[in-house]
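Two complexes, one shared chain (subunit A), two partners (subunit B, subunit C).
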Partner chain A sequence: MPVKWLFYWQPNVGSQVSSQTLNDVFKRIDSLHATKSTRWQITASQYRPNVRDQALPVDCARELLGVTFTEAPDKIFFVLRQEHMVVEADATMQAIMERLQVYRNRLTVLFEGFQYELGDFRVKAGRAVLAPVENLRGIIMEVEYMPVSSLEQSRAAVLEFMELWQEGVILGQFVPLELNFTDFSLSDHYCWQHTALQYVSLMAFFLSQQRT
Partner chain B sequence: MAMSISQESELAPPVRLANALEGLGRAVRHIADVRAGADLLLEALDAAASMRGRETGNKKASDGIQKVADFMKKALDELQSTGRELEAAGVLHGAQQRFEENQPWNLQVPLVSHDGALVPYAWKRQIAGQAAASAFDRARLALKAFAEQKRRFFPGLGPDVVTESNSNPPSETPKTDGSNQAATSSPVLSDVLRRIQSEMPGMVVTQYARLAWMNNRLGSNSRFDSSTGVLSLSANSSLSLRKGMALTSQLAGGEAPPSLRSSEKVAVLEVTIPGILRAIISLLPPGSVYPDAIAVFSPDERGGHIQAWGVSQHKLHQQLSERAVMVLYQLLQQDRSSTLELLLQWLYSYRLLFTKQCIECKHVMAYDAPSGLLFPPLVRPARILSAAQNSKESQNKKTDETNADNEVLAYHLGCAPKDL
Partner chain C sequence: MECVVQGIIEAKHVDALEVLLQGLCGGLRETVKVHEICLKTGPNLGAVPSEIHLLCSLTQPEPVWRVRHTGGAMRGAGAEQLPALVRPVLESGIGNSALRFMYALGYKLDYELLRSGFSFQFHRTIPINVNITVSVTAVNRLPKMHTLDEAVPVTPGLHLVQLTAPASPDNYSEVVGAISTFAEFLAPLLHLSKPGVFAGIVPTASTAAAALVSRGGVTKVL
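Up next is the complex of A and B:
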């Protein structure tokens, strides 16, 4: 599977993240003669166990971070941070969890935007919003390099692409999300589980930013 | 130029072709005459109309018209006779009917001569426009016709290794095998591959017989039935071949398992550098070391288009394939027996495609001006001998270059010196 790298917008000191930044990003990508293809949406949710009786010890996972992708509509991925695992389940798992009321959805962050094709690169640009209230938490970019499936091989290519693309941008920059995939027993060969981990980390990052 | 039918069939096809062309040329001239005659007729009628008012002496209006009418009649008669000649030579009418009976595919009428062989130039026009299945049939017919004509007109010439080993099953032409392994000085495939495997760790070369490769590639989507030579596709298979390339098949009976059977020759090499690229090389004739076609793909690509003449989905690998074909032909021109080895060494120099910086601009990715796309440095110099170097010198250079990773020269498309 082609490698995807995630970048989040870091505004320079003094400026704020706004939806104007996102429009600027779109314009910049368009100027490179990219072809706009589709909308994309990724939903990352945090689930906590539904504990009815406080006295009973809880022997299940304390926190489930679930991610769904419009590109893989029949799957849902769960990241268990304490257990260092990324698991894949069928999309009906969500319905099952609703019915059983075992875990409840506490928070949801929605990533959505437009996708562009630029030669062998596929770029998704969009915003991250907290679901019920729809306030903007961040701007993200996902760069996918189609010919390569190995994380190490794609590093130079993708980082240089972002460098070239960001030349001359003043108000801030896109910072790559660096993750330690081996902590979660994920190999160098990229697959959906890597993507799930990336988006969940991004969600956690955005949520933590607000509190500080 | 009226020849009897029996005389015509004795002539070699080029002569027949020349006659046919000449006959057609004459027909075109006659048609032009008829057209000119029609113009003249109109003129004469016009003149007659203007002269009606004033009938002068011995010139009558009807004379002019009569003259032109005679001229036209003569032209039409000649046209008719030329037409009959051409029909007798099998160039027209009769061919149309015969063709429609045999191959109802709504195609253009090719020029068919008496023994069923397709006259070359019309055949060439057809090939360019057809779909893969009909192209295979035509190639089969044409090869049959060529072989037969060659037998008739050039009886002194020995068996041609290229056409016969591909079109005839191995069991029918034992002499072909003999001529393949004739010279002891010609390189043997297994030796070359063993040398390559030891010199280039990390590059994996797998051998396939051609039919086994086809079945491997097509997988569950379609089956290539070797007995009838028919390729049947299911609804969502994606088989795309470059136009004009006939499917060659080893007509050995039954299906070949992926492992090599002793009677089949190695015809396809799959060269993989894990994580970087996968190259498919086709060998012609099968079992020898002479590469015929090469194409480069990403290691994760799947599909029926992964053939030695296929086109990758990614722009990067398309560029690599183009360069590979260029290098292949340069090497073939230079020295046919060392081509495979040099080609594999050149492929091996790509093992750091995504991490090595370009020598000129010191970056990994750069814009390629005409297409506006980013590419890593994908130009690598190949071992093309110049007249001044002798082969011993270049042998030493070869081993040095492949030993040290740092010395492999890499360039972007725009940064490469012009002579590469």
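Up next is the complex of A and C:
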């Protein structure tokens, strides 16, 4: 599958992330005569172990993250960050996890927006909100470089695309999310597991930013 | 959910059962070789203790992993009357790191089995669409962890026969009816009943098996 690069909006000192920022991003993409296609949504959820007696120890991962994509509705991806593991499963696995009640959903972040086609690039722009109250946590851009499946081979083209795209933008900038995929035994050949890791990492980043 | 009946057959009659199933189902015989790992939650984890099965099919060039969760059987006077067990089942494909993943989630190994044999699919459209899977397997236990090569039969000389069919709350009684009817076709060779209710072996199975194998032989020659 084509490589997807993920960028998050970093406002200049003194500026705030707001819904207006996203509107400006949409306008800027429109001004490049990109073709607006579909809406997209990605759901990233954080789960904690369901411990019967808090006073007693429990031998399990402290955090489980799950991601689903509207683009791949029959799949769910799980990430264990501490254990460096990404696991792909059929969507039914979510129902199994709910029946087992071993992990409880703590919070969910929705990434949603519009998708655009721009030559060799497919761009998704959107917001990250905490469900269900829709509290804005961040603005993101996903840039998919259609001809290439290798992360390294796509790096120069995607970064150059973003550099050109951001020329003249003054209130902040889109920063690439750089991850060490090899820590999670993911190769340079891009797949959905990479995407899952990117989105849960971004969710964790947005949540940690809010705390600080 | 699924409807299920099961029974046992002596290993020497398995060839005859295969001939009978080939005739009834018409479709392709599929080889079954599944490494089944039963996992249970560790102490203090989950609202209630739970159990999950990892099924690793070894018939493809690469192992194919599935997770299976089986709920408690349907109970009550109505369920008692049914000739098949009805229970909720959820199954999902999962990546190769399934076992490591479940361990990380706090599950512990309870036991593991190796099931080997074959299966057939039987499709009925009247009165409703039903897909019955008939599996005939030798069940082996593993004396040491993950030692598939050292598997030893749980019940030497006996094979397990299982008829299962997916069902829904709306149609399970019809599916049970279809399974029950299909079970009657196999009656010359084995008795099928709800899991946990042992129906024994058929004393006249040898005669039926001899007849089937000779007929099967003729079919093959033709």
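Assume the second predicted complex is superposed on the first by the 208 of 212 C-alpha atoms of A that agree within 3 Å, B and C clash if a C-alpha of one lies under 4 Å from a C-alpha of the other, contacts with A are read in each partner's own complex, and residues count from 1 in each chain.
Here, a contact is a pair of C-beta atoms (placed from the backbone, for glycine too) under 8 Å apart; a residue touches a chain by one contact, two chains touch by 3 or more.
Keep in mind the model is a prediction, meaning the values are calculated, not measured.
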{"item": "Three-chain arrangement built on subunit A, subunit B and subunit C clash or fit", "value": "fit"}
{"item": "After the two structures are overlaid on chain A, angle v-u-w for subunit B, subunit A, subunit C in degrees (C-alpha centres, nearest 10)", "value": "80"}
{"item": "First (subunit B), second (subunit C), both or neither touched by A:59", "value": "second"}
{"item": "Touched partner set for A:72, first subunit B, second subunit C, both or neither", "value": "neither"}
{"item": "Comparison of subunit B and subunit C by subunit A residues contacted", "value": "C"}
{"item": "Partner chain(s) touched by A:49 [first = subunit B, second = subunit C, both, neither]", "value": "second"}
{"item": "Contacts of A:118 with subunit B and subunit C, given as first, second, both or neither", "value": "first"}
{"item": "Touching partner for A:90 - first (subunit B), second (subunit C), both, neither", "value": "second"}
{"item": "Overlay on chain A, subunit C to subunit B nearest C-alpha distance, Å", "value": "18"}
{"item": "In the complex, subunit B residues that touch subunit A", "value": "275-276, 298-300, 313-317, 354-355, 363-365, 367, 371-374, 376"}
{"item": "In the complex, subunit A residues that touch subunit B", "value": "1-2, 32-33, 118-121, 146-150, 152-154, 156-157, 160-161, 164"}
{"item": "Residues of subunit C touching subunit A in the complex", "value": "41-48, 50, 52, 67, 69, 71, 90-95, 97-98, 100-101, 104-107"}
{"item": "Subunit C-facing residues of subunit A, complex", "value": "49-53, 56-61, 64, 78, 80, 83, 85, 87-93, 95-96, 99-103"}
